[in-house]
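Next come two complexes built around subunit A: one with subunit B, the other with subunit C.
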Partner chain A sequence: MKRPRNVLIKQSILWQLVFVGIVLAAASFGLHNALANLEARGISRGFDFLNVTAGFEVVQTLISFGEGSTYLRAFFVGLLNTVYVSVLAIIGSLILGFLVGFARFFAHPLSRGLAKMWIGGIRNIPLLLQIFFIYFAVLQSLPEPRDSFQFGNLIFVNNRGVFFPWIVDGEWVRPVLEGFNFVGGTVVIPELIALALGLTCYTSAFIGELVYASLKSVDKGLWEASRSLGLSNFQALRLVILPESLKVLLPPLTNQFLNVFKNSSLAAAIGYPDLVAVFAGTVLNQTGQAMEVISITMMVYLLISLLISIAMNYFNSRLARVRRHV
Partner chain B sequence: MKICMVSLFLFAGIAHGASLTLDKVRKRGQLICGVAEGLPGFGQPDGKGGWSGIDIDLCRAVAAATLGDAKKIKFVALNAKERFTALQSGAVDILSRNTTWTLQRDASLSLDFTGVTYYDGQGFMVKKKLKIKSVKQLNGATICVNTGTTTELNLADYFRANNLKFKMIAYEKNDEVVGAYVAGRCDAFSTDQSGLYAYKSAFKDPEEHVILPEIISKEPLGPAVRHGDNTWGDIVRWTLYAMLEAEELGVNSGNVNSLKTSTTNPSVKRLLGIEGDLHKGLELDKDWVFRIIAQVGNYEDIFENNLGSKSPLKIARGQNALWSKGGLQYAMPIR
Partner chain C sequence: MFEKTFLKACFGSVGATLVSLISLTIMGLVLSKIAQWMFFGAVFSGASSEACRDATGACWVFVKENFVFFMYGMLEEKEYWRAQLFVSCALAAVSLLFFKKTKTLGLWLNFLGMPLLAIAIIYNLFSPEAGVDRDSYGGLFLTLFVAYFGILWAFPIGTLLALGRKSGPVVVKFFCLFWIEVWRGVPLITVLFMSSVLVPYFLPEGVELSKLTRAMVGIVCFSGAYMAEVIRGGLQGVAGGQREVSSALGLNWIQSMRYVILPQAIKIVSPAILNNFISLFKDTTLVAIIGMFDFLGAVQAATKNSAWLGFAKEGYVFAALVFWMFCYGLSKLSSRLNPISES
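Let's turn to the complex of A and B:
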């Protein structure tokens, strides 16, 4: 027996309301219970701790952080470091991913074989292991500061990082060996290199496969049509095939960007001072405010992931609109 | 793990009243003890399916006192970040994991520290080839530490107070701290001095590393229980005192059986429950101290077995000698 459409709609709305009700009830029970538990155990709560002086050091800070800086400032230091390594890894994996995807798409057996090996190998080894491998491989292979590799007395590479000149107070300052290490100029620490490289390689394997699949998904007829218009292979790819394949590529690419961002939290393992290491690590331990710190950290990851999704959706819908006008 | 711990708060029931922990432990027939993930001398799996270390022996002593059998324990390995939440949420009955007693932890984390099993202090290890003799020479050095410990704060305070510059790299696990130090990522490795001795003893080339003489902080390490269950806190506190008192009175795992029948010393009689009814206040039976000493040992036994002359660490008693021998270990009187 077929029920009328409006009854079905009413029923589905009812079920949705019931579901939302259950979720809300569970959430509010959890919250109340947690607060009551904290109260009963006399654990102090609230967000006042954010204004307390942190008093620890961070090895890489994009904003100034030192004596007298608060836990709130430490939060921003960690957040910026997370965003920094994520952006580097997203750009890197996009470039490397496209290279791998193209290499796999083209008929040349060597390029195809290499790309297949890259994807098969990288994709199937846990990311944490790769990061450890790169980190300790990088550390072991580099010399101590005194025996740095140097390039024209300007750039120095050792197991403390890559040191190069930078503008300090409006003047170029060269790194100089002083005591244990180089001072002056700026440094890229090995933790950042290892983490960015690990995330880039890992994600490039997934993006490579996506690029390959999206190129494959374009109708063969389009290649033939472009050729009959007199376009070269490169022109066909640039003007016809790539724009067409983006339609397929973009939605899953969003997932990869989200993965890079979330995977960057593996930083804590190799001592890169990201949000999880600095805020959900050191700050949590010094203040003991587990509920607050973990909630803030989760909210931040949620918020930024949603922002990435919104940006990608906007880009996707614009692409769709442009295509319709052609 | 952290998230699991937090969610325990969300859905765990509220604990009411006093010494529920003792009742819970007795009903379960097992003590659940939060310990280190692997720190030689303090708490580490012994490779034979069991655990060893001075923190482990304290838990075994509590199990012997409360359950009559030092083996009735489940050990839960906790990292530095998880440990307090695990105790607060009731996932463990005692936290015995080289944990420093501080005001902040005692007062605002709703914990009670019940004593000091080991008086420690933060030290530094450097490679011998640097030819460094003092922490004061570490100006501008890079220092590797374990995140989620008091180490980070002590380090910053000490260097600031002495007007020295440094760079700190904090790793989540001790294995990576050690790995990075050995690979040369940092000039010095800083943690509790006992820990430095433990790691050094495990290096391939221990003679190539030196532990600097300075101790930059007080690190009294001891067991902690949840705040509010005072009877349970008393049991853990007096378990340690009983082991110290036993050392002072010369009662050890070797002679406790014969002393039980032959002793004429009233203090020993009181300690072993032959005279008096001191056990009643702790809700334990007469033989609780006897079992601790017979099954686990006195403080000297557990120190020497895990950290001292009978262990690979060979740490001297130092500050951890009895007060009567110039150390800081002092048991409140058992009477």
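Let's turn to the complex of A and C:
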């Protein structure tokens, strides 16, 4: 039996209204509680706190951040640090990942075995554990600054980071040991090394597997065709197989980039001053404005995730278009 | 790709020989270092850090002495049975799901029995006077507990979200899309921060959730969104026309989903579901950041213990081995479930 169409539509609209009603009721119930709770605890509301002077220090800043800087500036410091470590890790994991992928693809039993061991080992260990291992077990057990490993009296490696010469006011300044730590030059903090290295290793295993799968997905006939055109194995790989495999590789690779970006938030666990550690950590603790701070943080991650996927989709569609013309 | 003998493949040409030498060097260096550290130079017996003073390798005494802490966290010894009973029951309930005859029973047990059991013995709500401190649970038990419920409740939530996104009315579709994309777009750590800091604000006065429950709420929402996308992939993989056939057989929408579409969809994506579970299992370590002593959190805490300073490496390597065994085993299971990978 078929019901008249208008009855179906009316029924469907009724259900949708009920659904909206339930969602709104739940939301307003939560919001009501939240407002009452905030009132009771005397926590102020709104985004005015962003203009208040922060008054804390950040160990690594890409933009100047001093005593008079505001919470808003702290937000940007954290965001830039997040982007910085993500970009480093993406570059690193691409290089290492392609290396692993090729090693796994080649008909060489030893390189294949090595790559398989890397992928199978790294992928099955939590990222946080790897970062903890690098940070607490390796970097923290490096010698104190006064017993640093040194390379030609220019580069110093110790448990406070890697110190090397840098241009200050137009001339090179060498790091010099003063008291308990080095001054002058510049430093790569151990938190950054641990986070970037951990993300690089972890992601390289995933990218390696993707590269391998994409190379394998290319039709065998293309190898034979390239050989019959007189291309060497290397030329065939570079000119035919790799471009062809990129088509398959790109979409899942985008996902890996997104993962790196999101996983960089593990910074909070070792104290690298990223968005989560600085903003959702220190700023939240100082101001107590949990609602505003956490919603801003989540919005930023959402927005950037969205931007990355839009950019990669655009790139991907261009690639697909180019290929069609060939 | 090319049929060659092992030796010819390794040393057949200059390039291959070079790659072989590099690989062998890496393997030799790494393996000998690992063997020396883990076995030959390691200390296995003793009761305190004194025993490891002259060790050139690992101090496994650290792991041995802290083993129960790694497994149960701060739980008192007389309460271990709670964790042991729960894990054995969960194992039994899950294994029922793998056999056709016991599947229905398994579903009931997992979705109704296990939550009740958790309330009864883990939360101990029925006899609060025989008190067990709910925040004292920790170690590997906590990791398994969180992962188990996280993946379990991700199923119904993910299925509803996937169905809503695929075939709900406009409003529902939009809501599901929004919900899925928000949870998938943010890192788990912000979700955990939110559940530990924000959730208390949204509850009416007088209602308090324990830290464990709050973390579980966040993890379930998070894994539910990922599960929704996996199940949606399965729904798309079910052959077109199945829905029409089932309505021709007189099944209504709910029946056709329940008996025809969803069983097929879930079968298609079962490897992906297992992979999802592996990621979730690894991700549960993040609860350590919000101050819970899960397996990694317990190891981390033990390395900070002043009686055992300087054994971070041992702790993390042990944790890595345990996680690796779980995840590698599950990934093998997942590739066995995958009909494509067999060929």
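Quick note on the criterion: the second predicted complex is superposed on the first by the 281 of 326 C-alpha atoms of A that agree within 3 Å, B and C clash if a C-alpha of one lies under 4 Å from a C-alpha of the other, contacts with A are read in each partner's own complex, and residues count from 1 in each chain.
Assume a contact is a pair of C-beta atoms (placed from the backbone, for glycine too) under 8 Å apart; a residue touches a chain by one contact, two chains touch by 3 or more.
Here the structure is a predicted model, which is why all the values come from computation and not from measurement.
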item	value
First (subunit B), second (subunit C), both or neither touched by A:Trp15	second
Partner chain in contact with A:Ile294 - subunit B first, subunit C second, else both or neither	both
First (subunit B), second (subunit C), both or neither touched by A:Val183	first
Which of subunit B and subunit C A:Leu110 touches, first, second, both or neither	second
First (subunit B), second (subunit C), both or neither touched by A:Thr282	first
Contacts of A:Asn159 with subunit B and subunit C, given as first, second, both or neither	first
Touched partner set for A:Phe136, first subunit B, second subunit C, both or neither	both
Which superposed partner A:Ile310 touches (first subunit B, second subunit C, both, neither)	neither
Which of subunit B and subunit C A:Gly121 touches, first, second, both or neither	second
Residues of subunit A that lie at the interface with subunit B and also at the interface with subunit C	30-31, 33-34, 36-38, 40, 136, 140, 268-269, 280, 284, 290-291, 294, 298
Subunit C contact footprint on subunit A (complex, rising order)	12, 15-16, 19-20, 23, 30-31, 33-34, 36-38, 40, 106-111, 113-114, 120-121, 123-130, 132-133, 136-137, 140-141, 262-263, 265-266, 268-269, 276, 280, 284, 290-291, 294, 297-298, 301-302, 305-306
Subunit B partner contacts - residues on subunit A that touch it in the complex	30-31, 33-34, 36-38, 40-44, 55-59, 67, 136, 139-140, 144, 159-160, 178-181, 183, 190-191, 268-271, 273, 277, 280-282, 284-286, 288, 290-291, 294, 298
Sites on subunit B touched by subunit A in the complex	2-3, 5-6, 9-12, 14-16, 80-81, 84-85, 88, 104-105, 108-110, 138-142, 144, 147-149, 152-153, 155-157, 160, 166-173, 176, 179-180, 183-185, 187, 226-228
Residues of subunit C defined as touching subunit A within the complex	1-2, 4, 6, 9-10, 16, 19-20, 23-24, 26-27, 169-172, 175, 181-182, 185-190, 193-194, 197-198, 200-205, 278, 282-283, 285-286, 288-289, 296, 300, 303, 310, 312-313, 316-317, 319-320, 323-324, 326-328, 331
